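Below: a set of structures, written as structure tokens.
Next come two complexes built around chain A: one with chain B, the other with chain C.
Let's look at the complex of A and B:
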């Protein structure tokens, strides 16, 4: 279902979505982040890219699994803490970040469904905004089976036509929230569609960075586990982990207990994001560490995204958002690393 | 309500045995679920044990699935959670979730000779499969065990080893000489070369420190065992138990989900990341 929404009518539509909790990009101390919006006027879709992707709304950086309390001498009380029933809409999701959510779906689905993830995922509507132009000089979505106007993972895709949005509903969830704005939307004219398609095509042309022959990289990586290549590439790494924290597809996490009182114990079990770039991520309690150095950890990051994930789930675990490149304090550039992998030994 | 795998079931510790004392203490725990809905498991699987306020630790289930009234865990005191477990008393409550991982393909081993090889606490992960096949002894060929520890004090399941000696051959060893020790002195891989188990119609199941496993496999190969005849269990640091948290992988395998049991034919193709 394709519709047109004037920019003037946009806040009125958002007002009608009040039963939902609404997140939208918001400027905070010079960076764009998703914020819980209470006034529709507060939404500004004239943004580039958010510092963190929409991942953090579905898979928060920290969440409670359960609470425990030893109320009497013997049996502790365990209370499961599930995410609230809270239908949510996220506005301004970039296509790469929406595609990333579909990759997370694969990880958190499968034989053991992660019910914390799915509770949020199922009640979240992702409203995308096509990129025109690409928001970052390091965007490379076209190389990893994406595009600046990809619909994958989105419930609605909006394209900015200047004074109005071309609005495409892509799922039942998307249809539902479009219907809440009945009367505000008009039918697109042929020139609207034409204009939208031109914007999409122009945006593709403006994606500046590319990985050549990515298909050659997964099989190449298979033979590079023992290569000294990783030592050279990881030399400058500060093991800060920002590449993975900013990544819309990285899903690794930790589970720990936090206590308010130790005896008798009272506290909660929490999940937090974790990163393969930290030394203690894989360290056994004996002190033995299967990934003891920066080289083995950079190798893990690259192999996971471009070989293991491809084997296990048939997708690259990267959507080309470019955040890891832009944010790395020492300039480790995943495109350059992959270029070198492809050409290694040639 | 959908099943939430992260919520442990409560279980009572009904029995504790101090296996090894001193600097590397080992205790064996028997637990019983408070509710009827415990779980059924297969030989080689693991469970995530919780000490509330300390966290969770993945431990192999060392009782046979044929034992219905308790689960057995033998635990070396090592980190935060295992140290907290060592403080527990009979009657205390812990959390258990699982079971996780794959298992030993014992149905395929019917009629074969089974050679078990353990080192130190590494006897625990293969104890379940050893006891199960011993209980169904008629279905298998000749059963034998090679087991070694640093010192005689570090030997776990001392009484049980005496008991099973009546039903199967047990080759014990310690690493360095002790006055009253009458059995083999030397590392487990050397004891294997010394006793020369036959590869004919045989399967070996080994677990122990990584360095021991490495040389055990080398020596088994020297004796003519093929990669498909050699099984081992692997461990890595784990948090979720279901292949999502990202830390226990060996290449594209998650040990918690795709392991911990591997044949050497499979494991040798994975990177040395354990």
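Let's look at the complex of A and C:
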């Protein structure tokens, strides 16, 4: 279902979506972050790449699993905590970040369904905004099976036509929230459609960065486990968690019991994000660490995204958002690393 | 003016004469204007070295890596490592020497003077350029900065694009070095703590609200810790396994260890993390600004460290990282040290 929404009518539509919790990009000094919005005025759809992707809304950095308390001598009381029933809309989702959600679906679905993830996932409506021009100089979505106007993972795709949005509903969830704005939307004319298509085509031309022959990389990586290549590439790595925490597809986590009182014991079991870049990520209880240095951790990041994930799910675990490149404090550039992998030993 | 050829020639000489294992310097990145750290092992590669106002990183952090790497090697190469440092970075070397983390003979210091300039602040630059991309930045004879973009050249004053710390810098040329490039004239700084004025004028309640908002953004990626040359502990209090575990460590011992901080990125834990970091840097921070530069959420971390630097100065007359023979602030005392603030 294709519709047109004027920019003037956009705040009115948002007001009609009150039963939903709404997240949207909001400016915070020099960066954009998704904020819980109570008034449409807080929404800034003229934004560059958000610091964190919509991943942080569906797979929050902190998730409470259960609460426990020893109420009498013998039996501890355990209460499961599930995410609240809270239909949510996320505005301004970039196509790369929406595609990333579909990759996380594979991880949290499959053999075992993660109830916490799916509770949030199912009640969240992702409203995308086509990129025009690409929001970061390091965007490379076209190289990893994406595009600045990809619909994958989205419930609605909006395209900015200047004074109005071309709004395409892509799912039942999307249709439902369009219907809440009945009367605000108009039918697109043939010229609107043409304009939208031109904007999409132009945006593709403006994506500046590309990975050449990406298909050659997964088989190449198979033979590079013990290569000294990783030592050289990781020399400048600082071992921080930026590349993985900012990544819309990285999904590793840790589970800890946080104790608030010891006698009688009381606390919560909590899942938090974790990253292969931290020294304690693979630390064994014996004291042995199979990934003892930064070279082995960089190798893990690259191999997970471009070999293991491909083997397991037939997709690259990267959607080309460019965050890990733009935010790396020392300029480690995943495109350069992959270029070198492809040409290594040739 | 620093002539980068002089730096390259000296690098070539010490590599050729096998005086150093390798040289840590700056090189142009393949993508974008900002340089990346370079590790030059052979004299034929010295032309990769660059020097300009975008050479922002504090490369002293890599001496910490070098020490760890050397420790793992059975027969380590005992030669020093060459490192390119600015004034602020050289103060980090002084602190590492004072604390005996490294020895003077472990490092060959290629000191570069910032003269009357400094390094740029990427956020200020982005604001100034309003969407345009800078290709190069140079400083002219008059001290003005020339930014080249595709659309033409823009001239700006230092104040408009230099990092705040450079405007308050008391070490515009290295305080310790083996070879110095550029001149040795101290830059006059009226008030090295001026950037604190605004925050200090706020009430306690307002400051609390300010930090609560700022630290709530923290995602605990620990980039501030990772970029800091002073954060060199093998075991960090914030890691979930923050003590040495060996095959002999019993389950009871592991269970009995105190967890000082939880992994949850919530207000209380974020505060603990940032307070621990700030306190551990009191009297040690040399204001290289790396913690704030690397923060992906733009948390103004420099304020915390700058405030403690001011306290050390006002209470004990102590300036970190100027004299390698002076003991460090927190491991020494004088009879006349004030104590009226101890309650």
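The rule is short, and it goes like this: the second predicted complex is superposed on the first by the 346 of 346 C-alpha atoms of A that agree within 3 Å, B and C clash if a C-alpha of one lies under 4 Å from a C-alpha of the other, contacts with A are read in each partner's own complex, and residues count from 1 in each chain.
As a working rule, a contact is a pair of C-beta atoms (placed from the backbone, for glycine too) under 8 Å apart; a residue touches a chain by one contact, two chains touch by 3 or more.
Just so it is clear, the model here is predicted, and its values are computed rather than measured.
Shared-chain residue A:254: touches chain B and chain C both. Applying the stated contact rule after C-alpha superposition, one finds that A:303 touches chain B and leaves chain C untouched. By the document's definition of touching, neither partner reaches A:344: not chain B, not chain C. When the two complexes are overlaid on their common chain A, residue A:286 makes contact with chain B and with chain C alike. Residue contacts after overlaying the shared chain place A:236 against chain C, while chain B stays out of touching range. Overlap of the chain B and chain C contact sets on chain A: residues 254, 256, 274, 283, 285-286, 288. Listed in rising order, the residues of chain A touching chain C in the complex are 28-31, 33, 51-52, 61-62, 137-138, 209, 235-236, 238-242, 245-246, 254, 256, 258, 270, 272-275, 278-280, 283, 285-288, 294, 325, 327, 329-333, 335-336.
By the touch criterion stated above, chain C contacts chain A in their complex at residues 29-32, 34-37, 39, 57, 61-62, 65, 123, 126-127, 133, 217, 219-223, 225-227, 239-241, 244-247, 249, 254, 262-266, 290, 293-294, 296-298. Residues of chain B that touch chain A in their complex: 2-8, 10, 34, 52-57, 78-80, 82, 91-93, 95, 210, 235-237, 239-240, 242-252, 257, 271, 273-274. Interface of chain A with chain B (complex): residues 65-66, 68, 70, 74-76, 78, 80, 82, 107-108, 110-116, 225, 251-257, 259, 262, 265-267, 269, 274, 276, 281-286, 288, 290-291, 296, 300, 303-304, 307-308, 311-312.
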